[in-house]
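Residue numbering begins at 1 within each chain, and the chains themselves are lettered A, B, C and D in the order written.
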Amino acid sequence: MEVTEFVPTPEQYAFTFGGVAPVQRVRPGDALRLWSDDAFCGALRSVRDLPSQRLTMPYVNPQTGPFFVEGAEPGDTLALHLVSLEPARDWGASALIPFFGGLTSTDRVVTLQPPLPETTWIYELDRAKSTVTFVANRSDHVIELPVEPMLGTIGVAPAGGEAHSSLVPERFGGNMDVPQVRAGATVYLGVNVEGALFSLGDGHYRQGEGEACGTAVEGAMTTTVLVELIKGVPTPWPRVEDDATWMSVGSSRPMEDAWRIATGDMITWFADLFGLDPIDAYQLLTQMARVPVANVVDTNYSVVVQAAKSLLPHASAYHGLHRELRQRAASLTAG
Amino acid sequence: MEVTEFVPTPEQYAFTFGGVAPVQRVRPGDALRLWSDDAFCGALRSVRDLPSQRLTMPYVNPQTGPFFVEGAEPGDTLALHLVSLEPARDWGASALIPFFGGLTSTDRVVTLQPPLPETTWIYELDRAKSTVTFVANRSDHVIELPVEPMLGTIGVAPAGGEAHSSLVPERFGGNMDVPQVRAGATVYLGVNVEGALFSLGDGHYRQGEGEACGTAVEGAMTTTVLVELIKGVPTPWPRVEDDATWMSVGSSRPMEDAWRIATGDMITWFADLFGLDPIDAYQLLTQMARVPVANVVDTNYSVVVQAAKSLLPHASAYHGLHRELRQRAASLTAG
Amino acid sequence: MEVTEFVPTPEQYAFTFGGVAPVQRVRPGDALRLWSDDAFCGALRSVRDLPSQRLTMPYVNPQTGPFFVEGAEPGDTLALHLVSLEPARDWGASALIPFFGGLTSTDRVVTLQPPLPETTWIYELDRAKSTVTFVANRSDHVIELPVEPMLGTIGVAPAGGEAHSSLVPERFGGNMDVPQVRAGATVYLGVNVEGALFSLGDGHYRQGEGEACGTAVEGAMTTTVLVELIKGVPTPWPRVEDDATWMSVGSSRPMEDAWRIATGDMITWFADLFGLDPIDAYQLLTQMARVPVANVVDTNYSVVVQAAKSLLPHASAYHGLHRELRQRAASLTAG
Amino acid sequence: MEVTEFVPTPEQYAFTFGGVAPVQRVRPGDALRLWSDDAFCGALRSVRDLPSQRLTMPYVNPQTGPFFVEGAEPGDTLALHLVSLEPARDWGASALIPFFGGLTSTDRVVTLQPPLPETTWIYELDRAKSTVTFVANRSDHVIELPVEPMLGTIGVAPAGGEAHSSLVPERFGGNMDVPQVRAGATVYLGVNVEGALFSLGDGHYRQGEGEACGTAVEGAMTTTVLVELIKGVPTPWPRVEDDATWMSVGSSRPMEDAWRIATGDMITWFADLFGLDPIDAYQLLTQMARVPVANVVDTNYSVVVQAAKSLLPHASAYHGLHRELRQRAASLTAG
């Protein structure tokens, strides 16, 4: 199986979902190997590189894409299976950006207080040990943490002629910052426009749930992805499936609304998967959901509702596509 | 070691934190074996028992207590170590209560829509298999789920002469619905009044994160708890420690504020545990926190911020009390 | 008509609704003349008096009461008609209290930023001109503003054995900070406990909507109030009536929930007043409501939904009680 | 002075801010007379016209524009002075749209409840009496209400290549639903893209604050507007000035954030207008702001913070432009 490589030039970076012409056409079944720059466009390379000096707002969180998927139409579902995520640099960066993050006032949570001190942390990647290293800025602490590569951002063009900053998580996906969007996962996104126009980026070498300060261990990433299309099946909000778990991702404000969206969608999905009445699905989920917060720092907050397959009867979503993609991915890797 | 047993009469049930006279005096170091009724006061025993007919609002979620801890004063921390939680009946109950829960309008999220259909589910407990069984109300589905006993509610009297319904999670603990409040965990609560006046109850044989519909698998519980007091050390918001994890629990509305509280408290705790500057603790947590939602259904929503001990340098909280309590618990169980 | 005077000693100040023994028994029909201290217990008397030095948290916002109303039972409505509000000192005070107010991080909206600078403003009262004078702290600006006395806090004991800080606005009234709670207004409060146990205080010589920084022009007040009881008629959330306007007050978080509560209650009230179906009342209110924000600074936020009588058919609430109380008040004042 | 007329064809209706090519170029100083269709594209003309049958989501709330303003660049402020708003039809319409509005679950506030009953109300306009007439759907009530024409939507293209539905209120203006956006008001909008690209529409013959059910008395409107440009002066969030009042409009979720934005912006504006330090401006606003809620039904909620000029020292915003535009408007009307 052939894999199409794509490395965008900086001029090709996409900073919105929607409103951008496709960089390339692909077909359902295609395998792509995509390089994406980090959320800072690679501008923070040392602890002395401060965001206000190095970043050009709002030109952050560059996406690789969009890709036009042949045959994709509104009402279809795009499936993106993540075969592998490989750190493409030997370091990642994180930063406190003035008035950005979860424990600071922001342009929304306006207060009259001064910003927190701008700070940049650089995490060296040790490929042998598969760690990134936290080096404290204000003391001598050094702590090694496991590398757990994920994509903060993946999405399609929104409906209704809208275009949203790549900083936004929404119904179309985008900057959801879900740690489970990693190798082995299939992301399902409802198609809103002809060609779907998907993009991805915002590689994180590691991220905690909530992404408290607003920036993970941001790193350039090489992502191998299988593209598939489920014709005539809509997907209202982003869903993620891996071998162990069904997941729905809600993004809104306040955070309880993100939860309501994801829980409501999972109940809809349970009706499809198991034939459960919504009232029974609501009850069952009450006793078994896992609900990690994904981010509390973006323009919308994201919450994931997870259902463990091991606790549930056997079921197949989207005609069993995830299992099939896992097999194709295995043969791809073997090849 | 002696264990004091206490089974409240229905007249002794406490429906508030604060405003209730103590049922008994205990001493730091005491072991208690406490029976608590389920959140429905045992009134839902069949799928034909509907909440509006059987429950007398607001007299739900009865607590066992309060206990006056000798020597406890404002500014101290009460530690409650959960040695064991044993289901005290052979069934649990869950229900859709009109205008209560996460996916319905409520007395706060007011809409003009009618309530969801009142429904009661009964979960039979199989002690041999250690399961409870979900039986769908509107189809033939039957699903066995593992028993995972926990306490939905544990807390002390609030400060400032306040008294809050046992349905409320707040700074004083209360109805936090945190699944990690289970056997093996130590709960730390700041003392607000002389004697601390702690209560506990709301046993759940099982609960998913978020407690979507508002009621878990509610069951009477026998809880063995070790009581300890840390003099002169305040605890601003409830914390939980088990062998693997440090946890802070925030409860407020909207849900992002619950997260802010818990994250802020964990940063404070990291300063104590590791000597990290708050700015560095904020960064470190960003890359490693786990953040499950506990409930989205109470008068306040609860969010847990967790830090895995395995990822962090060795540290001891509250003079290493948790480890010590684990040992005492082991000897108690052995005895 | 006789007027009962009551001036509490500092030991009689009530700092909660609920949980406090009554200071006096009164009867429906009674007129009371009540002195209340300012929200700072009179402790801020100069711009050099800083909150952190002078205030003893949580002992702020002292209430005068509670009064036991003979014959009041759960399910009744207490009507408190404000005959007059007279500033009882020649100055009011306002202050920035650390981590308190609408444009600062708080104990709920936790951030890592330092607090705003503590600042106290003293407003001299000119009785002849009926003004209070703003004197800027950091420049030479001096601005005279009209005196518009109101009560920030008025309420009854909550249901279910609860007791809430006098800083809280809730279903039982409390710290709603509604500028329309002024002379000429009738406040309706649902009775939750025998005797109703109402208190009032938190006089404001003037307050803008939202009470942005958290403290109005706080001043000791002498309030003349007529007490009435409507037997067998419940009131779910606080309502206010004056000659021109029907008002419902919702208090919750997030602020949209306060609005939902107040709008829902006004729709219920419209059904009573006019016989309108809720769907039609919803539509009518959509085109005519006025919706000022009362406060965005308390533990709950308060929003007022107002309906102008001039736009509506003639109707009488609570058997025309407001009109009758206005007449009684007039005769009282004349007397 | 010449007035340019523009009536869009249905094909020219704009359904987003951003992402749409200009319909015409205009110059600072120009007067325009613009026809805009109602928010339903004129599709609801009888109480039997139900939204789900007649509306094509998301193609609602059509805007007239965008207009390219010559010379406008990012960092400038566009001033749009509303000379007159004239109802362009003899009736307006309002409707309950399924899962849309303030007292229903929505696509964000997800619940499992069924939608409210779809209902359409038609308001006949009596030009002589200057009234619109509410006719109840479920009873015989008929209530005449004064016509008070306003624009629900006015805005410019957003920054960063974004395009937002015309249903959205945001930093760029849009669907703010502010009743004070009426004849005699000047709206100030920060310019984000070359030419500013402003549009307007969503005429309301009348609207209450909060726009509870989600739709006002929606009517086609003829708006006469004067266009001006303030070079080199940015405006962070929409502001409105009329003869009596300064206003800032914040739009976000939860609603307290909309309030924070507007209050913060007004404090910034007070610094410009009066030279007040932010801390003093915060205090002054606390005692004098009026804070009506504009809408609680859109994708963002909108709150207006108002400061009465009569209470403040004399000051001129944007070089006294509002006064000048009022004079030009007067001569235009006279002509």
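One rule holds in what follows: a residue touches a chain if its C-beta (ideal position, glycine included) is under 8 Å from a C-beta of that chain, and two chains touch if they have at least 3 such contacts.
All values derive from a computational prediction rather than experimental measurement.
Student: If you tally the C-beta contacts, which comes out ahead, A-D or A-B?
Tutor: Of A-D and A-B, it is A-B that has more C-beta pairs in contact.
Student: In terms of CA centroid distance, which chain is the most far removed from chain A?
Tutor: Centroid comparison gives C as the farthest chain from chain A.
Student: Could you give the separation in Å between the centres of chain A and chain B, each centre being the mean of its C-alpha atoms?
Tutor: Each chain reduced to its C-alpha mean, chain A and chain B end up 33 Å apart.
Student: Hey, how far is the Cα centre of chain A from the one of chain C, in Å?
Tutor: 48
Student: Report the inter-centroid distance (CA atoms only) between chain A and chain D in whole Å.
Tutor: Chain centres of chain A and chain D, defined by C-alpha means, are spaced 35 Å apart.
Student: Which residues does chain C have that touch at least 2 chains other than itself?
Tutor: 103, 109-112, 116, 253-254, 260, 263-264, 267, 279, 282
Student: With touch defined as at the start, can you tell me which chain D residues reach chain A in the complex?
Tutor: Residue positions touching the partner: 15-16, 18-20, 58-59, 107-112, 159-165, 252-254, 257, 260-261, 263-264, 267, 278-279, 282.
Student: Any idea which chain A residues touch chain C in the complex?
Tutor: For this pair, the touching residues of chain A are 103-105, 109-116, 254.
Student: Which residues of chain B touch chain A in the complex?
Tutor: These residues of chain B touch chain A: 94, 96, 101-103, 116-117, 119, 121, 134, 136-139, 141, 143, 145-146, 206-217, 253-256, 259-260, 263-264, 267, 274-277, 279-280, 282-293, 296, 301, 303, 305, 311-313.
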